[in-house]
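Common to both upcoming complexes is chain A, partnered first by chain B, then by chain C.
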Partner chain A sequence: MRVFLDDMILRRGSFRLSASGLFSEGVHLVTGPVGSGKSTLALALAGAFRPDAGHIVKEGIGSSTLALPFPEYHVTGETLEREAASWGLPPVPVLEAAGLRGRGGEDPISCSQGELKRLVLSCILARNWDLLILDEPYSLLDCTWKATLSGMLGERRRGITVLLTHEDENLPRVDEIWEIQAGRLVSLGKVPGAITRWSRPPGYIRAALEAGALPGNITPDDARDAVCRTQG
Partner chain B sequence: MIRITGLSHRVLGIQDLSLPAGRVAAIGPNGGGKTTLLRLLAGIDLPARGEILIDGLPPRSREVGWVGENPGQTILFRRVFDEIASPLRFRNDPCPLVADRVKAVSRELGIMDLLERGTGDLSAGEKAKVALGAALAAGPDILILDETDSNLDQESTGAVEDLIRRASCSHVIQATQRMDLAAQADHLLFLEGGRVLHSGSPTAVFAALSGTPFSPPSRVWCR
Partner chain C sequence: MQDPRLILLSTVALSLAAFASAWGALLALAWWLLATPRRFPVRQWRSAVGFFLLVLATAALVALSGGNGLSYLLRISVILLIASWAYASRKGGEFLDLGSWALGNRTGFELGLVAEMVVGSLEGLDRDLSMLRLAIRLKAGRITLASLISALGILMRRELDRARDLGDILAVRGYRHGGTLCPRFGRGPWDGLAAACAVGIAALALML
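Let's turn to the complex of A and B:
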């Protein structure tokens, strides 16, 4: 199972993003500043449009999905339970997982954006996708659910997960880090080595590095453990 | 001073709450009533029961700048320049003044390069900056930001915070999931289940929330 970016170029007006590289099984973090092209790359990986040059080659991918940053764009059901059912899932456990127990009859529009995002992410993560593309999954979630999501992503054992985000307070365990730098997608390699090559790490990782500690991975716990080990 | 009395609207119930001028941050779990409160303070919705007065006046009689959770939903115009200019044009400001003001706000937000771009081609973060530019262009008394920072990276959040500090709004009310930002507010609200469970200085509210995920990041890592 792999996704190969073969000298791919994406253009939108004056914007241009080039990418070459291989997404193999595991969790891949793609970071970059606002407007660097994370969402454009996510849409291209999902097959929403073709690259302007080069190719995206998918091998062994039987199922794939894209989680959009704003959950309302996913909603098709008139009630929360119908929304869960529209994903082919039993509503009760999904609503339970989303922290929305007993609210199956409510109109999705009556929910807060954060609640709706929890529902959509719970629906998506309830299935085992070969290729799972998550565009800013942390936005709109409260602190508790950010930690829950990181735990769920860190437990994904199979398939390719591409996590595109500027989240800087609560990242999951990942296998590889990519960064969009000046219009080019650059692989920083596997963690932990990639962490030292990261030009814009989140504050807690930067603090660990400045304290002379190299975290084993990129969760806040990894950063804390590394610092504590350094300090004996 | 913002004064809320006998308020009941959707999930939200607030009997009596006073908020000082300056920066107020609202935090709490998803679905706790933050957006409902912000929409009432902005005058977008009217309360089913109760009253909100901002410096003695109802929200709809004040100049309010608003940036919602999904800034793409409030963008009206196809070109970024026109979007930021819209509140000034709606009140018939002269064209040269509109152009100067749009450029000044855009320069401060670091989005001069976006002015001729189509609003439909922007990323979520860029849309958030454009929406903030439109909100600030008319020099609002009250600025309301509903988790705007959730669409922004660290660097952009810092630039936006600097700009908000420099803007001469008497009230800035900001819902956020970033506890480091909440800690910088003058006053902090914690809402859960439609109720204000804590209201006070960030130090006092975070002390009451100690041990929960709603705590500012700590640099004291090893015990």
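Let's turn to the complex of A and C:
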């Protein structure tokens, strides 16, 4: 199971993003500032459009999906439980996972964006996708749900997960870090080695590195543990 | 053509010419072939084909009711072609520039601002519909009329939220009415000649 980017180039007007590399099984974090091309890359990986040059080669991928940054796009159910059912899932556990227990009969239009985001992410994460692409999954979530999402992502044991985000407060355990630098997707390598090559790490990772500690992974707990170990 | 004032003038003149007669439509088509990059400026071919089929059906009805269906088809097709060229030539902020230039920094500014907001909303809706189509494809679910109404209802709320946010931003920045804008317009070397030809075509079509 792998996704190979073969000298791929994406163009949108004056914007250009080039990428080469291999997404193998595991969780891949793709970071970069707002406007760097993360969403464009996510759409291309999901097959929304073809690259302007090069190829995206998917091998052994039977099922794949993309979680869009705005949950409204995904919602087609007239009620919350029908929305869960539209993903082929039993509504009760999904609504419970999304913190919406007992609200199955409500119209999605009555929910906040944060609630819709929790529902859509719960539906998506309840299924085992070979390729799961998450574009800014932390947006619209409060810090509690960000931590919950990181926990859920950390539990994914199979398949390829590509997480594209500029999140700065809470990240999950990942296997590899990628960074978009000046219009080019660059692999920083496997964690933890990649952390030292990361040009824009989240604040808590930067603080740990400045304290002379190298976290084992990129969660806030990893950073805290590393600092504690260093400082005895 | 770069100057939005001349683009607007040419669009109005050529639309009038095309509407007035089949000869006017042919001349407007010739103008489009000579004065524009001649790229069919529609991003989504399926929508363009849908529009054309609609015009074709209406032309057939006109022909069946004793009118000149072919002339109708030609004239409306050229009007749509000119309109889509003008829309594709648009750059952000041009309506504000045009409004302020034509009607001053109070009424003109406000009309320009409203036009910018309307076009911005239409573009946002276009993006939303593209994303909605993609999300439905990814879900691979069965789309019913009820689910489509639900999805469009949520998108409509999103659009209303955007409008409210924009209103809030304007209010927070102290917007009351009008503004100060000194518009500048770029101009290509052939803009003046092309616009003069467009006006000439309109005059000719109206006289014939």
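Some notes on this structure:
Heads up, the rule we're going with is that the second predicted complex is superposed on the first by the 232 of 232 C-alpha atoms of A that agree within 3 Å, B and C clash if a C-alpha of one lies under 4 Å from a C-alpha of the other, contacts with A are read in each partner's own complex, and residues count from 1 in each chain.
Note that in this section contacts are C-beta pairs under 8 Å (C-beta built on N, C-alpha and C of every residue); 3 or more make two chains touch, one makes a residue touch a chain.
No experiment lies behind these values; they were computed from the predicted model shown.
Superposition of the two structures on chain A shows chain C clashing with chain B. By the touch criterion defined above, A:Ser139 lies against chain B but remains apart from chain C after alignment on the C-alpha atoms of chain A.
The larger set of touched chain A residues comes from B, when the choice is between chain B and chain C. Of the two partner chains placed around the shared chain by superposition, chain B is the only one that A:Ala207 touches, whereas chain C remains out of contact. Applying the stated contact rule after C-alpha superposition, one finds that A:Lys38 touches chain B and leaves chain C untouched. With both structures placed on the common chain, the touch criterion links A:Leu66 to chain C but leaves chain B unconnected. In the superposition on chain A, contact is made by A:His74 with chain C only, not with chain B. Judged by the touch definition given at the top, the superposed model places A:Ala182 against neither chain B nor chain C. Touched by chain B in one complex and by chain C in the other are residues 70, 72 of chain A.
Chain A makes touch with chain C in their complex at residues 43, 46, 48, 65-66, 68, 70, 72-78, 86-88, 107-109, 116. For chain B in complex with chain A, the residues that touch the partner chain are 28-32, 34-35, 69-70, 72, 117-118, 121-126, 128-129, 147, 150-156, 177-180, 213-214, 217, 219, 221-222. Those residues of chain C lying in contact with chain A across their complex are 128, 131-132, 134-136, 138-139, 141, 143, 146-151, 153-155, 157-158. For chain A in complex with chain B, the touching residues are 12-15, 33-40, 69-70, 72, 111-115, 117-118, 136, 138-147, 166, 168-169, 200, 202-204, 207, 223-224, 227-228, 231.
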